[in-house]
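Alright, structures below, take your time with them.
Two complexes, one shared chain (subunit A), two partners (subunit B, subunit C).
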Partner chain A sequence: MNITGKNNPYSDIGKLSHINRCIQCGTCSGSCPLSDKMDHAPRELFALIREGSYEEVLASITPWFCVSCYACMVRCPKEIPVTDLMYAFKEKAREQGTVPKNLNMTDMYDAFSKTVKQFGRVTESFLMGRYGMRHPISAVKNAPLAVKMALRHRLELKPQKIENPDTITRLYELTEKGGE
Partner chain B sequence: MTSQNQPKTSIPKIGVYVCHCGMNIAPKVNVEEVAEHVKALPHVVVARDYKFMCSNPGQDMIVNDIKELGLNRVVVASCSPRMHEKTFRNALRKAGLNPYYFQMANVREQASWVTKDSVEATEKAKALVSAAVTRVAFHQPLLTREVKVEKSILVVGGGIAGMQAALTSAQAGYQVYLVEREPSIGGHMAKFDKTFPTLDCAACIMTPKMVDVYQHPNIHLFTYSEIEKVEGFIGNFEVTVKMKPRYVDMTKCTGCGLCMEKCPTKKITSEFNEGLSKRTAIYTPFPQAVPNVPVIDAENCLTLGKGKKCGVCAKFCESTAIDFDQQPEFKTVKTGAVIVATGFKAFDPGSIGYYGYGRYPEVYTSLEFERLNNATGPTAGKLVMKDGRTPQRVAIVHCVGSRDQRHKKYCSRVCCMYSMKFAHLIHEKTGAEVWEFYIDIRSPGKNYEEFYNRVQEEGVKFVRGRVAEITDMTDDPKDRGRLTVVAENSLTRRTLRIPVDMVILSVGMEPSPGAEDLGRLMGVSRDADGWFNELHAKLAPVATPMTGVFLAGCCQGPKDIPDTVAQSMGAAGEAIALLSKGSVTTQAEISNIDEDLCTGCKSCIAVCSYSAIGFDEVRRIAVVNEALCMGCGSCSAACLSSAASVRHFSDKQVMGELEMLL
Partner chain C sequence: MKICFYPGCSFASSAGYKESTEAVCAKLGIELCEITDWNCCGATVSFGENTIRALSLSSRHFAIAQSMGFSEIVTGCNACYATLRKAVDVLQNDADLFDRTKHVLEQIGITLAAVPTIRHLFEIISCAMPSAAIESYKDVPIAAYYGCQLTRPHQDLDRGDHPTVLETFLEKIGFTATSHSAKTSCCGASHAVIHTNECRVLTQRILREMEGKGAKAVTTICPLCQFNLDQNQSKGVGTNLPVTYFTQLAGLSLGISPKELGMNKFLVTAEKVWTRP
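Now for the complex of A and B:
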């Protein structure tokens, strides 16, 4: 199946055609600080796509471990937008409901996103509070650290807001509707 | 040429031949319909279609029709004139017709290959053929002429390519002028230690050639010289060479070297040793330099550059060869052909920040390593790090700057092989562990794959993965001071962090910095990467679109020494083939200035790039020198009184063609 072919049901994944240029040199995987935590190296995802194994890519934990450091993208000799593709894979996985289970970080993504949607910026206590509701054990583990931070005035308990949080909320609504 | 002339007033009798070109034209373009269509045009006597017009039966068809039907004009609708115009013109000549009574319509590249719809393709073919028919009716018989050529060859660049081209040409008895920009010939190859795959010592096979070039009676050597101006045309170029001042009289210098010993300015970075050693202000680039005459680096010389009263070299020179007042000299040579052999420049890896070149002292380029490993190099061939220790582990990084869209998108062809040569030499000299980081091993050449296998057998560790980073951050405290090479082994899918003592960056090639200016002087175009364009990628790899100018070596694209030498001999062979007859046939499509219409305004003289138009002071009109004219048409466009026109491109012919196309 051709990556850019009309009959490819996954051709709407952003910037997918760039993968055609990949020479499998491994610069992306070698540059990736979290490559060892991933089930597939970034390079492998591109090889999987070329053989048509989209389901495997979209169920992979690799994109979710991407920390957007952009080292791969800066170094890729074929100028493949690796980080952008990781976002596109996450988006597609979410859309079709193949986000890997038991990944704590997806709840972190949600907690982060909701906090920003509500206040326009992140307040640690709210972020961790939201995350802790899903992961009570982790919340208990983190509690001593929170206390330490609070004692040193490093933990804001009141929500930090931007001037017009509703502008951010509107932006969210627009993008959720599928706008750019 | 001796073709008979047809009277100018002959009534046109045109034959049209539409070619199927196998399956190239016929299924897309309805060839029968095209032939039928043109039959209705004025003066068309016969219109046929045939499977392969260029074949012998196809050509015979034209010859027979000319003889039997009395045709005096021929149109063939087939491929590009670049492909077969000559073929069909020869057919006309064979039938006793002036070959310029022929016109070709390109219905392959311009119709069948580029049009999706069959009906549209057929319509376009009809228009193209009709245009050719209308044009050919206005054709005039033209004559070509023989022009004497200068039996000499100018070679630009004195590396292995230029030297070989010069030697081959000189051996054939031609006078050769070899122009080299640097103080010595030898080029990059003179810097190398061993050469793959046979591991011959570069100096051992190079220096005898350099001496041959120097001593050959037919080769005139211009070192420390550049091309200043190029005039003329195939067979009769006039090239002005600028000889930069050496400040040393070449006729007096004995090459004793005392001046270099005594020169007080000793701390100048040596270009030849890639910055790894120092040289004096008066210097020869390397001990085996040819000619063995030093030059003074005016910028760094105390007397010339700093205006101080030094003159130590002059005081010690027993043959009074030092001449601080030398000026650039210009010499014009006449030459029949030019061979361009300007070579390459190694890619500068400083722009790839994550490889740390220039930041970490133990990261070397391949050329630096060649010097480091060379018996005449800064360490006399002892393979040591900057602190004097022998490296225990060395990493070689392939594809630095090559196959990289941010730098050079092409493969530089030689890096895999020389990297493996390095691995062998390091292993042999120091016993160090060598790691090769590659994307793909490219070893297509005679005995190249065998060399790869040999290096594998020697225990060199090959890792398939492009190096992502070179850093001085080490994982283990006991490795402090070493470098860490980070790369994914894409075959095991593991990220490796290898502590090493030395890193060699196998840098690619880019065109020589002077290539752009030279290309402009010579009229030779360059591709998007800056390499000179050959006339045809497969069938004319050493010729250029500028007739009489040939290419040798890396100036045309990256290549190794065997390919360079082969191409240089090829270029010399082409140049010799061109000049050996003693004359060349000039084209017939040249400018013609109507004496009655010319007003003597001299507009054409000003625009002519070939200095082909002179002025007759008695008749006060412009006159074309037919030997110099290239038929570019500038004069025709500039002429205010429509006196100047290019033969075979008259207004009638061009307008007639256009009318049918629009």
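Now for the complex of A and C:
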């Protein structure tokens, strides 16, 4: 078994070799709050990587359901940085153009990043609005909450921004692939 | 004492976190020096997009803090804390990523020379609070809620799954801490909009556990946790627990009025915390 071999599309991920230590105990999957939404819970994903089923792994929705609670990571008896690997898998999927289609979470991430790139900061009401433009049903469902927030003077109607948002826009452009 | 403060995007519009932090810090003689022109840290999004971008978003603050004369950055948000802390960890252990990040920042006119220590506002306030509180709330049982990213993955402050620092703090400032098993269970805040139903089940489990163990209110240390636990109760999870910030309870204990602490901004009203029978 060699998970750092040539045919492995993840082989350049620095922490990947940690998966060699996995004893398949399932503590990660058992600790995960959203594992039942995943197609392969973390333990299974690691088994697939080790057996070389890369296509299945690249198409997996699992990393997109990671909530970053790090429960798996602190509990793993072999100290595998599970959450960090989920981040790395998402980054890899973006690089390779294999981000799963039709996942609402990817739309939310895109809305978040566009907001940071444009203003340098995130304003929740504005982020929800941006996401809601592509997901009108979600926008309608969240409208009553927005009213309650407004009544308690917690709804920001203007986007927060840094003094010179071009700085962050430039930072985004510089870090696009090949832009460094 | 002066601290270099990184508020993060959710701080100002949260349910009294800003008001209570400012009031308590003023009373304790802590001066909050906000990082000049701070930007979003990228939270749980950027590291899954592009490592160099995520490191650059965080470390722009490291350079600014240094130019302000600080070697420590303090934040009151768990997501900001874990993100900045993660960037520090990566930059300290990977010279290549440090150089690439430095190069990006140079092109926007920022010089990255060193990485700071990242601390949570909780550490600062819990140390500065006097142990003999002015008011006593011994008859108010509070459930401490740490959320995920204070003690995970970096266990700088306490153990990842079973921390006790918040309970110690509650007892020190005159409240009673309840014993319960949901203090570091994930509430799903980062996915709450997308996976609403699944995350409601997570918060329901947490809140029912707290109420079942006798809590009258909850205290949190993160704007995302506060919002998620508070707003889900308006959607029928069956509990009625006001979700406060630790700074608000510190403020009550110092004799500051609930209104001044922004405690009128919750969705689940909190009068029962300070109303004496």
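One rule holds in what follows: the second predicted complex is superposed on the first by the 164 of 180 C-alpha atoms of A that agree within 3 Å, B and C clash if a C-alpha of one lies under 4 Å from a C-alpha of the other, contacts with A are read in each partner's own complex, and residues count from 1 in each chain.
The rule we apply is simple: a contact is a pair of C-beta atoms (placed from the backbone, for glycine too) under 8 Å apart; a residue touches a chain by one contact, two chains touch by 3 or more.
Note that this is a predicted model, so its numbers are computed, not measured.
Among subunit B and subunit C, the chain that touches a larger number of residues in subunit A is C.
Once chain A of one complex is fitted onto chain A of the other, the partner contacts of A:Arg75 extend to both subunit B and subunit C. When the two complexes are overlaid on their common chain A, residue A:Cys25 makes contact with subunit B while staying clear of subunit C. Residue contacts after overlaying the shared chain place A:Ile13 against neither subunit B nor subunit C. Within the superposed three-chain model, A:Val57 lies out of touch with both subunit B and subunit C [touch as defined at top].
Once the two complexes are laid over each other on the shared chain, residue contacts for A:Leu85 go to neither subunit B nor subunit C.
Contacts of A:Phe112 after superposition: subunit C is touched, whereas subunit B is not reached. In the superposition on chain A, A:Tyr172 makes contact with subunit C only, not with subunit B.
Across the two superposed structures, the residue set of subunit A contacted by subunit B and also by subunit C is 71, 75. In the complex of the two chains, the subunit A residues touching subunit C come out as 14, 33-34, 37, 63, 65, 67-71, 73-75, 81, 83, 86-87, 90-91, 94, 104-105, 108-109, 112-113, 116, 120-124, 128, 131, 138, 141-142, 145, 148, 152-156, 160, 162-164, 167-168, 170-172, 174-175, 180.
Residues 354, 399, 403-406, 439-440, 464-469, 486-490, 493, 495-496 of subunit B touch subunit A in their complex. Contact residues on subunit A toward subunit B in their complex (touch as defined above): 23-32, 35-36, 41, 43-44, 71, 75, 77-79. Contacts from subunit C toward subunit A in the complex involve residues 9-10, 12-15, 37-40, 42-53, 56-57, 60, 82, 94, 100, 103-104, 107-109, 148-149, 152-153, 155, 160-161, 184-186, 188, 190-191, 193-196, 198, 202, 231, 234, 264-267.
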